[in-house]
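As structure tokens, here come the structures.
Paired with chain B in one complex and with chain C in the other, chain A is shared by the two complexes that follow.
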Partner chain A sequence: MADSKQQASKGNTISCVKEQLAKMSDLEHQTLGFHGQKVQFIYLTSLCDSKIVNRSLIAPLYEMGDDKEYELYIASFPGCQQLEAPPQIVAKLLQGCAALAFDSGNLYLFDAARVEASGVAPAESETIVQGPSDSFNESLDVSLNLIRRRYQSASLKSEARTIGAQSKTKLAVIYDEDRVDHNVLKELMARLDNINIDILQGAAELDRYLASTKFRLFPTTILTERPDRAVFNLSEGKVIILVDTTGYAVIVPVIFNDFFTAMDDKLQVTLVGWFLKGIRYLGLVLTTVLPAIYVAFSSYNSEVWKIQIALLVAGSRATVPYPSFVEVILMLLMMEFLTEASLRLPKAIGSTATTVGGLILGTAATEAGLVSNIMIILVSVVAISNFVIPLNMMGFTVRVIKYALIVVATLYGLLGIICGCLVLVMYLTSLRSFGKPYFRIFVLDRLKLGRTSMGEKNNG
Partner chain B sequence: MAKDRYFYYLFLINALLNIVNFVPKGLINGRFDGSMASIMVAVPLGLLFTYLFGKVMGKFPSTGVPEIYNQYLPKPLSLPLLLMFAVLWFIAGLITLLAFVEITLRYISMDVEPLTVLVLFLMVVCISMRINTESILYGLEVLLFLNFPIIGYILFKSLLNPQFNWNAVLEIVTHSAHWPSFGGVATATFVFSGYANLAIFNRVLKNVNFKLLWLLGISGFLVLLTSFLIPIGYLGTINVDRHVYPWFSTADVLRTKNFVIERVLFLFYFNYLMLSLASTILHWHISLNMIKGMFASKKRKKPKRSFDWWVIILFSGFTFAAQTANQFKLDQFGQLFLDVRFGGEGILILSVYLAYRRRKQRQA
Partner chain C sequence: MKRWGVIICTLLLLLPVQGCKFKDLDLKLFVVAMGVDLSESDPDKLSVTIKAAVPMGDPKQASEKVLIMTEKANTIAEAVRLMKSRTDKELDFGHCKAVIFGESYAHKDIRQATDWVLRRRDMQLLNYTAVGSPSAKEVLNVQPVTERLPGNSLLQALSMDGTESPFIISPQFTYNLERKAEEIGEDPIMPLIEVKGESELNISKGILFNKKQAVMTLEPDEVRIYNILEGRNLKTSLNFKLEGVKYAYTFLRSSSSYKMKLADASSPNLEYKIKIQAGIEENSSGSPIDSAGLKELSAAAEQQLGEQIEKVLNKIHKTGTDPLGWGLHYRSRHWNSLTAEKEAWEDIYPQLDFKAQVRINIKYTGMIR
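Coming up: the complex of A and B.
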């Protein structure tokens, strides 16, 4: 009597599950019989690995003596669960589990997920000269493996989260328990819990939802594809968030200086490393202020320069029929178009675009007298020094800032540039990344992340 | 503790800014009547003030003056005091700002309307003064770090120049044996006034460590000597008082051959532009916080966000009104402020000490 009741409820469960999974062409529902008993298999063929299903589930069924033995065999797999509530079962099926229903009423969920991800490929957006070239890939497990292999410590913890009502993207929050600032961790967890979205497709997107203010100019988290950068930051007490299906990790909290660190700095001789870092900061200064300085010097404060240089610029600009700021903005926009275009083009055409755009157009424009020679030099310097910044996120920010400086230089000349830089410095110092001051000159006490900054705790 | 350096930055920015705030002018006016002696007196006096205020603020760790007043002084006393200090700090910033508009017109761009320049400066200051106290210190550090090498270069350049007349300097030094004047001492102690900024910055700076007080003394003394004597060396003992901003005229004497900029004046100007704006941001930030302290009640710790904007409108209004004053009046006003400020510092130290006594009584 009890047996039939159980069987009835089981039948209900299965029909309920099937109802929810109706109109799915990839749903597979098999009933296999042996020794007078029946086992039902339910799974989604697109999510499950058919090899696993065949080798681990179907083949042993016919090799085993009886159903009890087979049931024990199934239950012995790690990650094999026994569930009853239909919504849970559906969720598991959508993750790539196969459901096995026995006549006895037991229903097992067997993890047979097929994970399609590219293999561990060399890093593309953060290349370095010497050093490891592995990068994270789209599978969370592989990425975690890459970190764990480089950081073999029991204090390395990874907490799992799921974000996105539809996408159910898996996250792993990784940190070194002994070194992490627990205030930062708490803040991060709270912010993760507050994220209410349908679909999370990329680590960069997560970065946007984690930010405290909507409008900001500078990235307050780093996006990296390099396991060695992640591990280096872990050892500094930072938190890494790995996002499944993206191949990128988010690092929090970060400071301004982190964006100018390339991973091969550590591999260089100390002095060379400092030199390289200096070059990067110089590049930052050049790419932000050079166009504005050109505007200020040629239109406002030409008396500041030595007479020879002032004459040189004026002579070079003799044929140019419009004010200097128009010239600068025109050329810089050309430059932006070129960068954007070569980014999206297939590799084979990309080089043609740069040649035509950069070389031919530049030469023709100066010969036609539309822009000055000095302007062409300047634009190239600006573009090249922009690429000196190792992390792309900061590079994009810097690309935008220079226009703001051009505007103040157009209005106030050199005076405006100095004031603009001052406001920029003040803005930078007012930023906080998860409560940590973002911009300081001396960051030597950065390692002691466990302590809060100077006084009261700041919201950031 | 590394954090101590921030206290020295507060001192340093004020010390460097003396050039804009009419200190050399004041000292030069009395160069035959006891300015040297006043400097000698001002150094120990300034150090004493610094020490006393640092000590008494150390009794109230991580609190600013408004909180101390509101807690330990009766309301009829605390309100006028806060108002007075808000006004004093506002005027300190105002003088720097107006003087710098003056300098801009005189030395850099003669053809620009003063109002346009003022609007730019006000925008920079008003945007920046609202950021939190700790961030202002970080910003200050960055700016000082950027500007220090240039100041060092200019000093180096000016002392090694063969045109520099050491005899003129020596002549002024022979006038040392003279009674110091109140005005002279008040003017010279301005260099040490940076400590007073602790009134608000004590919120984020823990106990200040006075091990390096001697460094303050030496650097303050050297700053005073350079800002007083170098213009005399270049402009002459008699003619020097014809210049309202002697240091900018001095910088214009210098020339450099090894750089794209030929006149040192430009380097000096842009250098001081940054420092002056930073100092104004600092002073107005304190003034803003004093005003906020006046309106802080027990129920509501922090006033609304829009409050800041009302204060900004108020500050800007006063600045535009004050901008109509001519250079002569501004100079006089600046000198007067230096004297008033000296008295204000005394009141500041005494009032915080009073609050400390009252706390002790309450605890007893």
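Coming up: the complex of A and C.
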């Protein structure tokens, strides 16, 4: 009697599950019989690894003599669960589990997920000269492996989260328990819990949802594809969020200076490292201020220049038919088009675009007298120094900021630039990344971290 | 949205703060030097000359065009306004680097021009001042062949950035001119630029001013002595004769200092101490010089230079001017009310007796021994 009831509920469960998974061409429902017993297999062929299913599920079924033995065998696998509620079963099936229903009424969910990801490829958006070149890939486990191999400490914790009602994207929040600022961690968890979206496709998207305010000029989280950067930041007490299916990790909290650290700084001789960092900040200043300075000096404060330069600029501007700010904005926009175009184009055509755009257009424009020679030099300096910034997110921000400075320079001259820079600095100092002051460039002890270092721990 | 509105409104409201008008570089005419003369026709009027650089399109072209304009008016301000209606571009004095006073104007009164230069907002206080002979206009009209940028050769000579002649008085900026003209105990001095033909300028003389006008011209030799007394490490050479042989020695290092000895009120004296390290640069006899010979030569050079210096100091003293700031030196070491100090100095100054103690150490014989 009880048996038949169980049978009935089991039949119900399976039909219920099948109902929910109707109209799925990749649904596989097999009933295999042996020794008079029947086992039903339900799984999605696109999500499950057929090798695992064959080798671990079907082959043993016929090798073993007893269904009890087989059930024990299945239950012994790690990650194998016994569930009854249809919604949970459906969710598991959609993650790549195979459901095994025995006649006895037990239903096991066996993890047979197939994970397709590109292999560990060299980092592309953050290349360095010397040093490791591997990067995170789309599989969470592989990415986690890359970190764990570099950070072999028991204090390294990873908490799993799932985000996205539809996408169910897996996250791993990784931190060093001893070093992390627990306020930051709490804040991060709270924000993660608050995210209410359907689909999470990329780490960059997560970055947007994590932000405290809607409108930001500067990135307050770092997006990286380099495991060594992630590990370096872990050791500094930061939190890494690995996002499955993206190949990128999000680092929080960050300070302004972090965006100007390349991973090979550590590999360089100290002096060279300082020099490189200095160059990057110089590049930052040049790329933001130079176009604005050109406008201000050529239209308001020409006496700041040496007379030679003033005459040179005036001479080369003689044929230019519009005011300086139009000239600057025109050329800078042209450069932006070029950068964008060469980014999106296939690599083979990309170089052609740059040659045509940069060389031919530049020369032709000056020869036609539409743009002054000095302007071309300036635009190239601005473009090149923009790429000096190691992390792209900051590079994009800087690309935008210079236009604001051009506007104030056009309206108020040098005074405008000075006030504009002042406002920028004020804004930067007001920014917080997960409660941590963002603009702490010259503070060396960074975030107030726990005192225990790795070495001490190992020795103790 | 509201926030953006506020930002844009603030920007618009701030527009009147910008000060200068948006005016592109190619719509401006850069005045690089200006000159002030007395008008020949009307002695009450001034004749103002400007030298403006006209930018050329091609930077590879060797010469730049120059625009020279002269206008007569009662005041300099008026003359500049009259000039403005003669050009299509706005005159910009932001790059003006030299103010030349005509010789006759310098001898009359330079205060009007100085005042204009100092008051005007776009004139920098770093203008080099000089006196032009025969007139400022003619000095500005000269186009030296070595000149690439208009007026640049004048600036390079006056600023000593280019040539480092011992006969050019060290740069006298307008702020310095004003300071010397106002300060009790120091008087202005300026280099004198002479026109030599169409494309050459000769700057080797100096002009001493009292507070108001030029009083005496210093000859090249005297200017050199002045420069030895005024600064350190002057680059120059000096000649002397010993037993019929002509020698020239070049300065490697020089310094000068002076002490005022006022203890004896009846005969106050001012003693200069000059220390020079030098090397022989020329020797007309062709005979080798040994270390004993060097000492002999040093002694002879010391004596001759000492005489020259005393002569120059006495000459300056006679004019009653104070280009080296002795009065200021006195005032800095004596404490009293301004008028009392001034009177005390005016009592002392005419009685001053100048002495020069020169110590020359000719150390080297040049590349040959």
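Keep in mind that, in the parts below, the second predicted complex is superposed on the first by the 446 of 460 C-alpha atoms of A that agree within 3 Å, B and C clash if a C-alpha of one lies under 4 Å from a C-alpha of the other, contacts with A are read in each partner's own complex, and residues count from 1 in each chain.
One rule holds for everything that comes next: contacts are C-beta pairs under 8 Å (C-beta built on N, C-alpha and C of every residue); 3 or more make two chains touch, one makes a residue touch a chain.
Computed from a predicted model, the values in this text were never measured in an experiment.
Contact with neither chain B nor chain C is seen for A:Tyr403 once the two complexes are overlaid on the shared chain. Once chain A of one complex is fitted onto chain A of the other, the partner contacts of A:Tyr209 are absent, as it touches neither chain B nor chain C. Within the superposed three-chain model, A:Ile418 lies in touch with chain B and out of touch with chain C [touch as defined at top].
Look at A:Ser316: by the touch rule set out above, it reaches chain C but stays clear of chain B. Judged by the touch definition given at the top, the superposed model places A:Phe77 against neither chain B nor chain C. By the touch criterion defined above, A:Pro437 lies against chain B but remains apart from chain C after alignment on the C-alpha atoms of chain A.
On chain A, the surface patch touched by chain B in one complex and by chain C in the other comprises residues 300-301, 307, 411-413, 415-416. Chain contact summary for the complex, chain B toward chain A: residues 2-3, 6, 62, 104, 108-109, 116-117, 120-121, 123-124, 127-128, 131-132, 134-139, 141-143, 145, 203-206, 260-263, 266, 270, 273-274, 277-278, 281.
In the complex of the two chains, the chain C residues touching chain A come out as 11, 14-15, 17-20, 22-26, 28, 30, 32, 53, 55-59, 64, 92, 94-95, 97, 122, 124, 149, 152.
The touching residues of chain A, when paired with chain C in their complex, are 298-303, 307-308, 310-320, 323-324, 373, 408, 410-413, 415-416. Chain A makes touch with chain B in their complex at residues 300-301, 304-307, 309, 411-416, 418-419, 421-423, 425-427, 429-430, 437, 439-442, 444-445, 453-456, 458.
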